[in-house]
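The letters A, B, C and D name the chains in turn, as written, and every chain counts its residues from 1.
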Amino acid sequence: MEPLTSLKPLLAVLVSLGVVPILISSRSPNVREAWTFGAAGLKFLIVLSMLPAVLEGRELVCTLAQVLPGVAFRLRVDALGMLFALVASSLWITTSAYSIGYMRGLKEHGQTRYFCFFALALSATIGVAFSANLFTLYLFYEMLSFATYPLVTHHQDAKARHSGRKYLLYIVGGSIGLVLPAMVLAYHLSGTLEFSGQGFLPHSGSPILLGVLLFMFLFGFAKAAIMPVHAWLPAAMVAPTPVSALLHAVAVVKVGVFCILRVLTEVFGLDLLASLHLGTAVAYVAAFTIIAASLIALTQDELKRLLAFSTIGQLSYIVLGAALLSPKGLMGGMIHIAMHAFGKITLFFCAGAIFVATGKKNLSEMAGIGKRMPVTMAAFFIGALSIIGIPPGGGFLSKWYLVLGALEADQFPLLVVILVSSLLNAAYFMPIVYRAFFVGSRETTLPDTVSEAPIFCVAPLVVTALISLVLFFYPQPFLDLAELAVQTLIGGTGK
Amino acid sequence: MEEVLRLVVERYNYWIYITLMMIGLYALIAKNNLVKKIVGMNIFQTAVILFYVSIGVKKGATIPIIEHNYDMAHQAIRAADYVNPLPHVLMLTAIVVSVATLGVALAITIMVYHRYLTLEEDEILKQIRES
Amino acid sequence: MKNLGLLIVVLVGAVLIYATTDFPPFGDPESPASLHVSPRYLENSLEETAVPNVVTSVLVDYRGLDTMFETTVVFAAGVACFLLLRVPRRRTPAPRQYRHRLTGLTFRIKDGGEISLPLQEFEPMESIWTPHDFIIEKVCCYLIPFIQLFGLFVIAHGHHSPGGGFQGGVILGASIILLSLSHDLRTALKRMGEKTSALFSTFGVLIYAGTGALCLLLGYNFLDYQALDPLLPGGPVMARYHGILLVEVGVGMAVMGTMIWIFRNLASRGRHEEGL
Amino acid sequence: MSQYYPALLIAIPLLAALFISASGWLRPALCFPLALTALGGSLLVSLGLLSNVIRGIPDVYLFGGWPPPWGIYYRVDHLSALVLAVVSIVGFVNLIAARPAVEKEFPEKAAPFYTLYVLFVTGLLGMVITGDAFNLYVLLEIAAITGYALIALGKGRAPLSSLHYIFMGTIGACFYLLGVGYLYIITGSLNMEDIARLLPPLYESKVVTVAFVILMVGIWLKMGFFPLHAWLPNAYTHAPSPVSSLVAPLMTKVMVYVMIRMVLTVFTVDYAFLVLKLNDAVVWLAVIAIVAGSLLALAEKDVKRMLTFIVVAEVGYMVGGFWLGNRAGFIGAVLHLVNDALMTLCLFLAVGNIVYAKGNSQWDSLPGLFRTMPWTMGALVVGALSIIGVPPTCGFFSKWYLLLGAIQGGHYGFLAALLFSSLVSVVLFFRIFEISYFEPFGASHGPDHGEDGPAGREAPLGMLVPLWMTALGLVLLGLYTGEIVDRVIRHAVPGMML
């Protein structure tokens, strides 16, 4: 069907960008946060308003400027982008609420700056989701990198500085050192950067060159945290928890994965990957990351670091799903973007709520916390279920599709990897929940005064936990979107 | 051999300017005293001027000022009778430029001297390092 | 540094000498430089501009733009020396010295005090001061007017003999510089103040550029002196002739003013004191 | 009217410079408005020229009405119109920003300062537009002499640095003059196109080869191309900040333009790339320039000095891009010329603000700047992102073309050098940002949230406005890259490179 020309994608990107001057100029925190909320809600509504058209199978396009021959600064909303944008924009609302509770609860400094860059980062995220070509994608990717830097280093101390360095080293080093030349090379080979369902790279290119190109993209988009370029993610956990939650469970890392999905499916195309056996190679790299990250997560004591390694593992599921090159696998990967987002953000919110209420970061100090903060820990349990992939957590669905995909692709070793990793996930999450609820009161080191975190902290995590549950029973919008996305990819190949 | 000799004899003017120019360049690079450097710079510029002026020379020609009351109706002016005026014009400009450069260079040298009380470059650099 | 310099010099020299072998021989009337552009100047200058001195006509007319910028370079150097060296006079209390004009007696006034005697009989003086040499002073007094007259001649006669604005301007400037050398800076400054020399230099260039702009206003190209025809007698060719003269006067003024200006700032490190 | 543009372009600022000088003696208050009017006027004229060129109206202007090669003529084509616009924009914007600094540092010398400032811009404009090789030399010297004087005005070792600049600059200019003389002696002409017409039968002559070499060496000396760059960092560091932000963006760029002009118009691309076959060697020199410039910048602990080494590296970008000898490389070089002028302006203006507020730009004066001077630092970030090459700032697009050119030309050394320098720029700038963001440690903690941070004030509005105009210009320029390339630069690409 004909693509629709529409300004909506641009609006969706700009709405948070436009709110930044207002945030800077307003002195009252209440006004500032009201604006943040307003922008978040508006953004979600705009994204939502595009959903029907996308579900009909149409694409919304908005061309801004022709910057290079054959390359425009162009936004395009397709099913996959829609899926991601829905997740990101809906979670911005909850995170905004959570941020207010968290930042005020801890009396953090520089809150105006914080909300500004948060809004910028969200703009960039939506921009990535709606990019029509590699150039636009790269633009927003870089914008996100630099907008996140002040958030990661929010505390402005030596530790934050160190993490900030690591963050830049991996993210910017990857994007300039690897993605940029890869992009130029791709442009040189094909004369375009426009995404297309079949991929735009010519099939005639030398296999070695294409292989090198693929891995330049794979490791260059370091936000996806595929080993060995994962080390920035645990380091970046020095950030305030809402930042970790939204950016490092949803926006930043998912942007990385999303970029890799785009590269695999719409730059190379499934046929090309299959014919060069590159899919399998990527799949094994992802598989290694999954297992290794889960094993490392087992050894962690600091809750946020554990979550970080868990994230690294989960991200590679998505890459793995795409690399299977089978329809079901692809679908699994795409749905996992949503499922993991809701599950993981719940977990991060819980970690933050615990920190606000008790000041504790380490698991060893949290024994018995379930009795003091029952709501929080219940939500934690649901989130964990979703991540592990046990019904009624939404994560079950995505894992189901991934397993199907592995079967479809005849990749039994990968099937084993998925299952083993699920066991490992359970192995690092369940003890936490167990120790939270089922230890004697004598083992608790927590003072008696501890109770639930402020309402602004608790309400969002309850909401996200509930959504995780709901998604198991009613995954329709995401399933439909993913199916549509897969259809355009596979349909193009004539299957 | 004769060939080489002829080459030199016919073009000795260029050799002279090159020699002068290299003297200037050497002074610019190797001399330690700032004023000597400026002198070298001037020699360098003058060498270029000499080069240009020597382009304009024509054997058997006179200065490019047409005789007064030249009877143009009967006799066309023959360019070969007068030396080429263009290099002279250009070099007037170049001379003025070199004077201007010299003026500014001297002004700045005075500033340098006033600031460091010496014109020897190594001493100035030593002072800068020590401060 | 010395060895490096030697190396560079030898290298550059070798490259330059390498090229000379393809040069036309010295004084060759058949060289391309003598055959391509310049013949037209020689053959047509008299006809087109009525100026027999071809150097002048090329300098100020055919390649008048170069010369305008050349004058600007001089002007810029003057401004540059002023900008860098001139010390603005500050009224700080300090011991001052005065000389009685008639007797030559000197007085020293302590920090910022005032003299009660009639001021016109005294002139301020600086500590660095050498007495004038009578013979030099007088000889120069007689020389200077002739030098200046010669300078004016060189400017005015540039169309017909070697000379022109630059040469004449330098001679005029030198006359004032001679005055400062033979007497002292203050005497020269009294004859021609700093402001005067600066404005001379400015307006000299302004005459040149203004003439060009005038041509533009009259509907011709910039510096096309033909445009001055309605303003000057003698037809379009003579308009060029007169235009050249006008511009030469401007150049002379600019060069004279700037030479004096630069000299003063260089000689007194921008203080404009009595001695040099 | 528009046929007078080339004359007006030069006449307006030249006359204004004279009026400024005169008004310095008669009515000092008029100096700045006059300068502003002059540069504003030439900005309008240069934009007019650009639009003429885009609309395909040729602009040849015969001075004195004499036809070439006897007279001097100015010629506007796509390339020169673009560079003219850049020069006049930079000159104009920087002039606005210069005022507070001039009033603070040398109020009594405003008149000669503005005179020389306007003359400097005049010289550069003339160099870009002229079609006569010797006229270019005279204009070069105008720009040079005013530049020397303006630089020597700085504090500390500025006069010494300026003197070194004079020595090197004079050698460079004399080499240029000598090269023109060599061309004159075998062609008899000084007009660029006339020389180009006469040269082809003489390609075998040693004189042409040597003329080419010394011309290039002279121009490289003037632009600070790597082994010949020694004068540049000192001169640009110690100059007063309004001067550095004028000279650093413009002088090197215009010299790059002169290099391109010489190769394109005088020697022709065929000669430079096919007869001499120097491409590879020069590109490798550029690689060394980029790498060395970046590495030397790493060693500096003064923001301004660091920027000067970045300028050295950026010169390598442009020279290398041009000598790649293919279409993308050429477009990249020209685009980078435009972009880099604005990026350098933005960075030097920002540093100028820091110097204005803090007295110097050493690392010691950086801590807490994000708090005390958020606007200045914000613009610095934009400029830095552009140098690094982050879209949508313009730096990305020229880098893109350069990278593409490197790939198309198979010159992977150049590719690697470009990426290396981008990465080094990240390090360079984020070191600065880290210091000014994180330090002093502890200032941002505690319940008061660091209200009692380091003292300091934002620069005056008169400096911030031009700074932010430039910073936004970087983004706009980036978004309009397609237009610029399509309408202007594409037409300047010589036929051989297509």
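By definition in this document, contacts are C-beta pairs under 8 Å (C-beta built on N, C-alpha and C of every residue); 3 or more make two chains touch, one makes a residue touch a chain.
A quick note: this is a predicted structure, and the numbers were derived from the prediction, not measured.
Q: Once you count every C-beta pair in contact for both, which comes out on top, B-D or C-D?
A: Output for the comparison: C-D.
Q: So what's the Cα centroid distance for subunit B and subunit D, whole Å?
A: Chain centroid spacing, subunit B to subunit D, equals 29 Å.
Q: Subunit A to subunit B: how many Å between their CA centres?
A: That gives a centre separation of 70 Å.
Q: So what's the Cα centroid distance for subunit C and subunit D, whole Å?
A: 32
Q: Rounded to a whole Å, what is the gap between the Cα centroids of subunit A and subunit D?
A: 43
Q: Quick check: what residues of subunit B touch more than one other chain, meaning two or more?
A: Residue numbers touching two or more other chains: 25, 55, 86-87, 90, 93, 97, 100-101, 104, 107-108, 111.
Q: What residues in subunit D touch two or more of the other chains?
A: Subunit D, residues with two or more chain partners: 134, 138, 141, 145, 148-149, 152, 159, 178, 184-185, 190.
Q: Write out all the pairs of touching chains, ordered by chain label.
A: After working through each pair, the chains in contact turn out to be A-D, B-C, B-D, C-D.
Q: Hey, which residues of subunit B end up touching subunit D in the complex?
A: On the subunit B side, the touching residues are 25, 28, 34, 37, 41, 44-45, 48, 51-52, 55, 86-87, 90, 93-94, 97, 100-101, 104-105, 107-109, 111-112, 115-116, 124, 128.
Q: Under the stated contact criterion, what part of subunit C meets subunit B in this complex?
A: Interface residues on the subunit C side: 1-2, 4-6, 8-10, 12-13, 16-17, 20-21, 23, 25-29, 31, 33-34, 37-39, 41-43, 45-47, 52-55, 58-59, 63, 66-67, 70-71, 73-74, 76-78, 80-81, 84-85, 160-162, 166, 262, 265-266, 269.
Q: Name, in rising order, each residue of subunit D that touches subunit C in their complex.
A: 4, 7-8, 11, 14-15, 17-19, 21-22, 25, 61-66, 69-72, 108-109, 112-113, 115-116, 119, 122-123, 126, 132, 134-135, 138-139, 141-142, 145-146, 148-149, 152-153, 159, 178, 182, 184-190, 194, 198, 205-207, 209-211, 213-214
Q: For the complex, which residues does subunit D have touching subunit B?
A: 134, 137-138, 141, 144-145, 148-149, 152, 157, 159-160, 162-163, 166-167, 170-171, 174, 177-178, 181, 184-185, 190
Q: Would you tell me which residues of subunit B are touching subunit C in their complex?
A: Residues of subunit B touching subunit C: 7, 10-15, 18-19, 21-22, 25-26, 29-30, 54-61, 63-68, 70, 72, 76-77, 79-80, 82, 84-90, 92-93, 96-97, 99-101, 103-104, 106-108, 110-111, 114.
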